[in-house]
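Next come two complexes, and both contain chain A; in the first it sits with chain B, in the second with chain C.
After this line comes the complex of A and B, so read on.
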């Protein structure tokens, strides 16, 4: 198990360094931020000074090395817009985004998993078909469309909820529902098919043949095994808690990390974009790592021949 | 009259495939005495597995099982899930063809054995785990204590089948249904597993239903054989009689396909063609399309039913019963 975890951690670090290099390269290649930030008719000396101040006059390679060095010291550079520390700018948005994504995540799990299990256990029943129909609708409708529909119904027509902003908790309801719906639909589908797959396995028949009553066979032999594939999607959703709300934040004018990213990209605010990308990458890679470790804990086949308790 | 251990009468199984209803088992009758070993033989698709899965209520919700299955005289068909669960594993245990996928991959061997012991013998987890080890030793698994903490993927197929047998023994059942227990295993391992089954029967006196497409395997373990074809029994007799005086053309075909035990280079004569699927049965005798003796006048008219030929011997072939006594005698001598 230790070797298993060590490999996964190594792979995670490798992935993060790849992301770092990649994002830096792409953004460095997209244009000279100095020309974008300063007005067109700024005097050349001012542009020079700007470049010098932000280290933009060094070679790309030196910038990269310097950037990595800074990262190791926890220095993510300054926003090209207002000179504030890039990390501070990003961090202050995180709670706002989490205020949407965490409740939405709970909604996805709380609805998606039970609905998927129910549908699988009552395959082809009326409710199974209903759940699957809602689920198809839930994940084929893009979230900005769903968001706009919800705004039309609840904000414009019924006038019961605000359409945008973040002043009260009521402002969060529509974005959370929008985020949660698609996720719940996806989780329900995954859970259902994972359960159906497991319920068809010979060891479920064995469990029943040895006298385990059906409800117990489901709890003891089907659910843990079906959790393995379901974990993959759930893990992806955990990884996107911080940056998974870009579209919804825009639709509902919610000033979270997602909207910061969009404006930073539009402004070529290099340091902010990098800080966000790095944050996202770390979240994704970490949640992947956690999922991998959870796999290893649940499924002994992945741990390799020598199980943790052996030898 | 004493009740047999198991008495199956007119068992039928239909599958609801959504649009249509297909009958896969067309009336199965069998009695098994306490401690008796019965072999069920037939090619793939002849209905061997569904008969027993159906009898134990292990077919899915799309299967409609009708008729009668009595255990010690008590009707068990249509019992609720709780009552059936109390019978499964405790009175009647079942093992399957692919032992490795028949065990839960994420539970340790010990845990799976203990589960049965706690269910059927009301043991505490502690004493159950000691008993689990004894069970593994009984099926001749070496290093039993260590195996308890291993997972099915760490054991060979033969070893896992021994675990399945040990698990079946946990409930001290009166009847073990072994559905092709050696089909997925190497020949040498097959022989070992058959040996374990024999040994366990000697030790416990439990009855056995051995399902196989191989008459040779059945002959090793069973007292009596039921030959099945396309969802029907077509011949039943004591093992020796099946080998010495087979009457149904299908049984003869199966025998001809057996390799000679003494190693002579006998040509294997497999029966040409295959078992018709349940929704494509011919109108008369289901074996007619493949039967060398088929006679269009008799065989395509009605489905022959099982009729007694001698004490303990019955077959379902129109020719046997329409044949004149002399012809019958010559058949018997053949």
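After this line comes the complex of A and C, so read on.
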């Protein structure tokens, strides 16, 4: 088990270092941020001063080493726009994003898993088909369209909920519903197919044959086994708590990390983009790692394997 | 009339003529093989394809033509005139013409990107299967890296770093989903290499390009096509999402997401500007998904 965890941790660290190198490389390859930020007719002295201020006049290697050193000290550079610390700018947005994504996450699980289990246990029933139909719709309706439709219905026509902003808890309802719907659809689909596969296994038949009542067979034998693939999807969703609301935040003018990212991309505020990129990478890799470790704990067969997990 | 009722109740159901029962079962057999949903999906996608190919000939106006006196005209079914069947937007541009052009742009981007992803994925997957060792490790690392990040974030980062141009945007969209195809083609190529036909042509002296291109690729094409149908709607959603945010296709060019994004500001007064492209996005992605599911069931029972 220790070796298993060590391999996984090693992989995770390696992935993060790749993301770091990737972001540094394209940062260095994009040309001169000074020319992007300063106006075209800025005097050369001003551009020089700008470069010096942001350490853009050193060689690539010096910049890379300095870059890693800075990151290790928690220094993610400054926002090119207002000179504030990029990390601070990002961190102050995190609670706002979590205020949307955490309830949405609970909503996804609370609806998706029971719906998926129900659909699998009542395969081909009317409700099963309904659940699957809704879940296909949840897949194919883009979140910005769903969000706009909700705004059109509840804010414009009915006037019962605000269409954007973040002043009260009522502002959070529509974004949370938008985020939750798509996720619930995905979880329901995964849960259903995982359950169906498990229910077709010989050990369920064996359990039934030796007289285990159906509800108990489902509870004791089917559910724990179906939990494994479902856990993967849920785990990946934990990783996207920070990054999963980019579009929805923009639709509802919610000033979270996602909206910050969009405006940073539009303004080419590279330090902010990079801080968010690294933050998301760490979240994703960590949650992947935790899912892997949980896998190892739940399913001892996987510990011996060191190959990559199939998702 | 009780006697009448009695008579009716007692009446034997007349046996259907042979030809009708026969035809009926033929119809049933046809719909079993081609479910109505699938037929509708195919019909819709064919329509989209025709629109995309014939965009220049069928759109009533130039999609950039302004008509400042005819701004924000409602569509026909909301009391508008037949001059603008789907209404006009805030600059008096014909929504139908813009929709047609948007379908073409979005579809082209999705097609091109899916093809790029397929080519990259198959090449890397085959390279991993052929060379094994360090090359395979490298490909695996790339796959893991790509799979570990939400693609939207990668795309946004690249757009921030490199700015936006249509060429770059298409290439970027082409990076989406290659890892899934690479993973599949690597696995399939490895198992194909162990089968008789691959070693037979190898023993006959065929080079790797021939073995992979002429023998293995056709044998695994069904599975690859199915995974491409997974990729296609995702690219449409991604492209329309980025364009909606103003970071994808740039004006004066238009795309479905782009139209939704700009129509959003007129949502309260002129909802038709954004509803038409939104419906097209939804129905198209839905159609590809239905078609993909069906193909998967038919072509490849091993995939779930």
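Throughout what follows, the second predicted complex is superposed on the first by the 303 of 311 C-alpha atoms of A that agree within 3 Å, B and C clash if a C-alpha of one lies under 4 Å from a C-alpha of the other, contacts with A are read in each partner's own complex, and residues count from 1 in each chain.
Throughout what follows, contacts are C-beta pairs under 8 Å (C-beta built on N, C-alpha and C of every residue); 3 or more make two chains touch, one makes a residue touch a chain.
What you see is a predicted model, and the numbers here were worked out from it, not measured in a lab.
Superposition of the two complexes onto chain A shows chain B and chain C fitting side by side, with no clash. With both structures placed on the common chain, the touch criterion links A:136 to chain C but leaves chain B unconnected. In the superposed pair of complexes, A:214 makes contact with chain B only, with no contact to chain C. In the superposition on chain A, contact of A:169 is made with neither chain B nor chain C.
Of the two partner chains placed by superposition, only chain C is touched by A:145; chain B is not. Across the overlaid complexes, the C-alpha centre of chain A sees chain B and chain C at an angle of 70°, to the nearest 10. Looking at the superposition, the partner that touches the larger set of chain A residues, chain B or chain C, turns out to be C.
In the superposition on chain A, A:224 makes contact with chain B only, while chain C stays out of contact range. When the shared chain is aligned, chain B comes close enough to touch A:201, but chain C does not. Superposition on the common chain A brings chain B within a closest Cα-Cα distance of 10 Å of chain C.
Considering their complex, residues 201-203, 205-214, 220-221, 224-225, 298-301, 305, 307, 309-310 of chain A touch chain B. Put simply, chain C touches chain A in their complex at residues 140-141, 143-145, 147-150, 152-153, 156-163, 233, 237, 240-241, 244-247, 257, 260-261, 264, 267-268, 271, 274, 278, 281-282, 285-286, 289-290, 304.
Against chain C, the residues of chain A that register as touching in their complex are 11, 14-15, 18-19, 22-23, 26-27, 29-30, 136-137, 139-145, 148-149, 151-152, 156, 193, 197, 240, 243-244, 246-247, 250, 261-262, 264-266, 268-270, 273-274, 276-277, 280-281, 284-285, 288, 308, 311. Residues 53, 56, 58, 81-82, 85-90, 93-94, 96, 98, 101-107, 115-116, 119-120, 146, 149-151, 153-154, 164, 167-168, 170-171 of chain B touch chain A in their complex.
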